[in-house]
Amino acid sequence: MNRKKIVTFGEVMLRLSTSSFSRFTQASQFVALYAGSEANVAASLSLFQISAEHVTRFPNNDLGKAAVQSLNKYGVETKHIIYGDERMGVYFLENGAMQRSSKIIYDRFDSAFAHIKKGMIDWDDVLNDASWFHWTGITPAISQGAADVCMEALLVARKKGITISGDINYRRNLWQYGKSADQVMPGLIEYTDIIIGGTTDIENSLGVKASSYEKACVQAMKKCPAVKKITSTHRESISSSHNKISARLWNGKELLNSKEYDLTHIVDRVGAGDAYMAGLIYGWVKGKTDQDTIEFAIAASALKHGMEGDVNLCTVDEVETLVKGENIGKLLR
Amino acid sequence: MNRKKIVTFGEVMLRLSTSSFSRFTQASQFVALYAGSEANVAASLSLFQISAEHVTRFPNNDLGKAAVQSLNKYGVETKHIIYGDERMGVYFLENGAMQRSSKIIYDRFDSAFAHIKKGMIDWDDVLNDASWFHWTGITPAISQGAADVCMEALLVARKKGITISGDINYRRNLWQYGKSADQVMPGLIEYTDIIIGGTTDIENSLGVKASSYEKACVQAMKKCPAVKKITSTHRESISSSHNKISARLWNGKELLNSKEYDLTHIVDRVGAGDAYMAGLIYGWVKGKTDQDTIEFAIAASALKHGMEGDVNLCTVDEVETLVKGENIGKLLR
Amino acid sequence: MNRKKIVTFGEVMLRLSTSSFSRFTQASQFVALYAGSEANVAASLSLFQISAEHVTRFPNNDLGKAAVQSLNKYGVETKHIIYGDERMGVYFLENGAMQRSSKIIYDRFDSAFAHIKKGMIDWDDVLNDASWFHWTGITPAISQGAADVCMEALLVARKKGITISGDINYRRNLWQYGKSADQVMPGLIEYTDIIIGGTTDIENSLGVKASSYEKACVQAMKKCPAVKKITSTHRESISSSHNKISARLWNGKELLNSKEYDLTHIVDRVGAGDAYMAGLIYGWVKGKTDQDTIEFAIAASALKHGMEGDVNLCTVDEVETLVKGENIGKLLR
Amino acid sequence: MNRKKIVTFGEVMLRLSTSSFSRFTQASQFVALYAGSEANVAASLSLFQISAEHVTRFPNNDLGKAAVQSLNKYGVETKHIIYGDERMGVYFLENGAMQRSSKIIYDRFDSAFAHIKKGMIDWDDVLNDASWFHWTGITPAISQGAADVCMEALLVARKKGITISGDINYRRNLWQYGKSADQVMPGLIEYTDIIIGGTTDIENSLGVKASSYEKACVQAMKKCPAVKKITSTHRESISSSHNKISARLWNGKELLNSKEYDLTHIVDRVGAGDAYMAGLIYGWVKGKTDQDTIEFAIAASALKHGMEGDVNLCTVDEVETLVKGENIGKLLR
Amino acid sequence: MNRKKIVTFGEVMLRLSTSSFSRFTQASQFVALYAGSEANVAASLSLFQISAEHVTRFPNNDLGKAAVQSLNKYGVETKHIIYGDERMGVYFLENGAMQRSSKIIYDRFDSAFAHIKKGMIDWDDVLNDASWFHWTGITPAISQGAADVCMEALLVARKKGITISGDINYRRNLWQYGKSADQVMPGLIEYTDIIIGGTTDIENSLGVKASSYEKACVQAMKKCPAVKKITSTHRESISSSHNKISARLWNGKELLNSKEYDLTHIVDRVGAGDAYMAGLIYGWVKGKTDQDTIEFAIAASALKHGMEGDVNLCTVDEVETLVKGENIGKLLR
Amino acid sequence: MNRKKIVTFGEVMLRLSTSSFSRFTQASQFVALYAGSEANVAASLSLFQISAEHVTRFPNNDLGKAAVQSLNKYGVETKHIIYGDERMGVYFLENGAMQRSSKIIYDRFDSAFAHIKKGMIDWDDVLNDASWFHWTGITPAISQGAADVCMEALLVARKKGITISGDINYRRNLWQYGKSADQVMPGLIEYTDIIIGGTTDIENSLGVKASSYEKACVQAMKKCPAVKKITSTHRESISSSHNKISARLWNGKELLNSKEYDLTHIVDRVGAGDAYMAGLIYGWVKGKTDQDTIEFAIAASALKHGMEGDVNLCTVDEVETLVKGENIGKLLR
């Protein structure tokens, strides 16, 4: 385990997915997992043997308890999680097949996390022995309170000199509390060292317009000079069952591209971006070069597509083996 | 099928229960059904070959669709159901075993049904060919809008001379929108012919205090002269796995008592009151005496304890056979 | 919902399939659904918001009840279904994988439907408010009674000016009651406006021989002048897991061809022809051109391959989206 | 293993039961097993280390194959089983709970076994190294052919001096082929040494009338002097979940009674009579006294109630331990 | 959470149980959990909000990882767990029903834990901030190494003044490495403050003989003066489905008896003794009297019988509610 | 069935696999089957209607019983199996997906089979009516006893003029008892007529070095002149989900190559080599040419990839149909 921990902050929901390729109207049962973009990053890092802590707010009931146990299972520290009377956010997932798209119904409105308020988290205590803080654009999109608490965290992290990463993760259907992404996101990105986002994410959250990824990155860095690296995955969707993914990274000097993976029999693509994020943090924490970091991260993301759930359950060894192109399709005895 | 239909009104939720005796924190999946106190009555009546329609408001998404299909499956008419943008109410159920209690976590706040408003339902059209309207005290406890729409329905039903039944179903944890049961319920009970409620239900919703069930009934009828019959089940809980139930009915003249059933291996007790209600409606619609009606209804309720889900799936024949005490424990080939 | 309903007529069986890729001898359980070629069409139409009614004969037992509930679930009207003492037809399905073929064991002999007799169905009443009647060549292949009742329906439908479609669906293993397809089918096709059938179907049921699909259609229309359109899907089977499908239609003037879909990860191909049929009826009822109709229908059929069961559970929107080539492989949030 | 085998003859069906307490209309899957009264006896004997062979006729398809494999699994010899083109008999089982009865829907008409005909089985070869032949009253009730083949077997068995047992197992709903039980059964019982049957069974199959079990036995033996022992279980049904059973035996001299077992949490009562029969054969083959034999057999029958499926899976040791009253409710490590 | 932690030490196995009442030979799958007598105590304490750590040795493979994650899920600290090349111990469980006993097949020989050796655990570090150490008689029965490491721990714990509890848990089938219980146990009990054991346990491990529980306790304390309390549960086994349990405690002065619980529908009795142990530690850590402690502990043990798995998943509130006799069999909404 | 049986010898393990694509740490249950390389061959042959017997040593407990029943189910003779006190070997399987490899954790050390000793099996009796004996290189790698018993069998088989086949199946992780493959294998191969092995297998077990498969075969035959044929499958692993396989055979004169199969949606690849072996034995026993034999065998192996479990469940007809390239991807009704 690393000495200094990675801290992530964001909502964790009950994920209810139909089994195999069952449609919502066919579902006589739902598979239950607990997941959230930022917590998925913490879980993957913990499985990479990097100590990680997740901060969130849960309902004070058995579902909140189950969610905490689920984080504990992966080894994620949960001691700063707070509790309230509201509900657990939920999302329902129907896995697509071939030409049929996958569908998510979010039911996260008015959750315990959405009711988080400034001052509820003692960020000074939380970030005491942290070396990295990770947030995503989902959090400020949920409620004013969540946006405020995210900003609180960024200010403390900055003061402590902690590396900050932010996954823009722009979602049109959130941002219902009266503010838009371009009103809130620039203020947060300003304090962020590493940004995950595609061209559209950057455009929507920073109000820039660009003819290429590289140009979008250049403009974003001009607007937010603290940002040192911008990266994103690139996905080609042949069908729900078959995608190709690769990664690219702008480090202010050059645009690096990763190897592309052909994902021919997708099991579950949810959380692939979070697996990428965890891979990035792992790479940089371990002192890898930018190129090696995105190769590690995109291999992690590729592997995530072959397992059920939001969390990449692979070990560092398993990811490194794929980076080296070894053992693919073997039966390891 | 009967010529004239029974109309029920109320929320239908997604019911998510853990399998067999699994606790919430053990649940890797939830069994999914759609249920609600009033819809359970409609479903049971439809399986009794009494035509029944349920009126509610659903979210305009695949969960709403699945809920409608679930009602259709039982033969319940759904053509007057309306749709909105809000969420599906949910309830989570953990079945108890022996000394461990069963637990329900309600997550119905802010549902599409809670957002129902006066004028959304054309009650004149809905109740056109109806002979019976059934409501419960859950509806006015959910939101001002739901209470208002319930009252709308009662006024139209009264004008059309339709029999009205109401199950008081007092639940302390509802009634969060600023009104209390004793402020709202008397106005609704005033228009109701038949009331289901135990002593506590009557006390809490009509503000009376009585030393016996009979006396509570007498006082309730004095307060609400339209009420002609008051009835309830009586449950003795030896453990989560073993209960005894019987019924009693005050018809203004005498207190009738039913046979008691010994429920020694309970599968699922949720919906047992709704099964009782459907049995009552069936009995009276078919012209049974009060005594025969409660005997039929309590037998229906007893049988409900032996099957999973909120709905009593038994036929009239199966209930009648139990009333006669025949075939108990037999293997019917 | 459309004002005028589509009526379908045919046997509904209990479908018992092994889970995932389990072989019959491995099966410790069977997934239970209720399905039949014509009822599958009604179910898909009902999910397309076209009102549909299915007419059949069921055993008067709990399996017959379950089958009715299954149709009701999709919104299919079932009020003219009749009941008898005989058994429920059953079919067992083993899904193939790669080079291994899928297998069906039919066990429908002597079913309640096979015992249907002339005069049992009041077709005048059934077809009163219908605009379309659909039958398949499976029905006259089951028993003399079924063939007779099918002819009864066609005569009444014709008199009422209702559009009639027939899916030839030639199956060598049926036709066990002493008549062959070419003795019975021409009489039925004579009253049919739209025929679904490939070259072999046409040859076997109309006794023609032709060197191309177009020529077979021309000859069929010469033999049965009422027929205005002949169409079929074309399937290329690379393996049980990978097929390609497209459609073609002869409308008396030209041979139209649809787009081809590459079905790379088939979940369940049973019912794909019925999904195509429902798509056709939808297209024509909605006034689409022939070309747009087969594009809609083949997209519906393609989507069917990605879900378990005989019934295409997709909505009109989902099919139209595929026709437009949008959202393929996306995660819809 | 014993040197000389026990031969049983009768239909084996595909048993399709709903899971736990699910009703037929709730069943989204059925648990699949293969079972038949006589084969259940053979299976239990084989698990008692008594060599056993079952003779039947199966359809020549994968279900027939699966049924054979299922018998083989228990160690039952299947080499004289014959095959035909007809269907596999099926029975559907819904397990009751508490006051709700269990239900069986038989779907065995026109099965491969029903089409068995005289001369199809080479009984001389089958019974060559047999010491016991067992039949039940179900077989002659299925079809004239089945009755004829049963009689063939009895004549050969008698000639070879093999002990013959017959379980009357009277079922009103069978006997549909034009003969009644009292026309056929006496001829078969005439050649039988040991009869299993309650008072009603004896009355219906031998046309006697008696005021007590003992008197019925006396009369039966008068009518069929070959019969040396008559025995049956006695079941008190408190509910579907709770029964009491005991056994009684008339050996021509005295009426013996067994210990009674209180079956308070029944898992599956189907096959309990067959478990009793296997216990009897085991007892007598091993030279136990009549009293010890019925004690062993009723203990075997009691244990059967605690496991799913028609077959008693207990070993001789497990049965003997219960007879001695040891280890009841213990956790054996 | 308590400031000072409880430390437990012992083997954790992969528990593979058949579903519901399936026998081993019927099992087409096994439910997988990770469990061990001492770890079960730690898990229950952690769910009681008492900080707990478990020390063991696991194989360095994915099963070892899964076991650690399973402990983490309950909140049990796992940082001092060590790893080796050997195998994961396994136990197979078949749940009995009624007269049929439950069965366990242990397959723990040669496990990573059995290969633990003196010096592998840094007990000084482990017990640094501990207030309680718990061991059981299973550990010294497994191997000389395990016995040695247990003694190491006791010596360090004693030096640090930590309370020590030991559950004798005598199992005849263990003790295969050349030593017998009475050679090893007295040396360990000598350092133990609180002993769990019935009369037989005490006799077998301390070589005493006594005519009553009280007398056995008195003799045990004479032999091992460090022991201050001896307690055990008393179980009456009516059947596998129905037991009664109570507790008794000798504190050197008087024999206290607890309330008896009637366990009428047992779900899973494995781990009931560990639930009792955790209840005892909770009671004493929280300063309850001996009488209140055994009441709390036996209520915890009773509740354990109503859930699947070795671990009591109840909260302190749930146990206290049962102690007070409240809410039994209620549906908590 | 063939008159003369095929005898196989080797360990049978409990196979515990995670469901679908679940990882070990996700597994809340394991699918249980019984399998072993040599027994898989016997099972497949038995399903090909070739009489087969398997010889092994099992623990004398319910798992041993279940394993025997599993072999019996396939029709494999088990009468010479012997029993001991030790444990059942186990292997855990995690199925890979796409770039993620499949993993097996063997837990077979110290099993009942590993403790087999010379003289325990009466090979003279076992091989009395045998025409073929099959062994694999796994057996001599397990323990000295297993290697000795394998040699015993070879000597008796040779004396009786029985054809002997051996699958080298070199596994580096076995061979832990102090001997290496090249010390033991040559002695066994010396008595073997037909060898299955790739270049690496041959090199590791016979200590040869060769630049091509053909040259390795030539050298192997020079070393072991009894060997008449050497064959192996060739697998190209594109991913865990997609492989290509073909076969090659050196018969001393020419190197034959089979058709290649494209396995695009692998369900379970374990046992594919055993399916190949069974196909070879079938081909040669039936007098096919070498070319036809490897075509049959590789088709059998290809089909195995499309079903769960170690055993190829296909019939001869199904394999022959694939050899002919017929019905691929069809729906057989």
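Order of writing sets the labels: A, B, C, D, E and F. Residues in every chain begin at 1.
Rule of thumb we're sticking to: a residue touches a chain if its C-beta (ideal position, glycine included) is under 8 Å from a C-beta of that chain, and two chains touch if they have at least 3 such contacts.
It should be emphasised that the depicted structure is a prediction, and the values quoted were computed from it without experimental measurement.
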Provide the labels of all chains in contact with chain A and in contact with chain F. C, E
The chain pair with the larger count of contacting C-beta pairs, comparing B-C against B-E, is B-E
Same or different for chain A and chain C, when you check if over half of the residue numbers at their contact belong to both copies? different
Taking the mean of the CA coordinates per chain, how far is chain A from chain D in Å? 62
Chain centre separation in whole Å, for chain F relative to chain D (CA means): 40
Taking the mean of the CA coordinates per chain, how far is chain B from chain D in Å? 45
If a residue has to touch 2 or more other chains to count, which residues of chain E qualify? 20, 23, 25, 28, 69, 103, 265
Interchain pairs in contact, sorted by label: A-B, A-C, A-E, A-F, B-C, B-D, B-E, C-D, C-F, D-E, D-F, E-F
Chain B residues touching chain E in their complex are 20-23, 25-26, 96-104, 106, 171, 173, 237-243, 265, 269-270
Using the touch definition from the top, list the residues of chain E that touch chain A in their complex. 69-70, 72-75
In the complex formed with chain D, which residues of chain B make contact? 20, 261, 263-267, 299, 302-303, 305-309, 313-314, 318, 321-322, 327-333
For chain E, which residues are in contact with chain F within the complex? 16, 19, 23-25, 27-32, 61-63, 65-66, 69, 87-88, 90, 92, 94, 103, 105, 107, 109-110
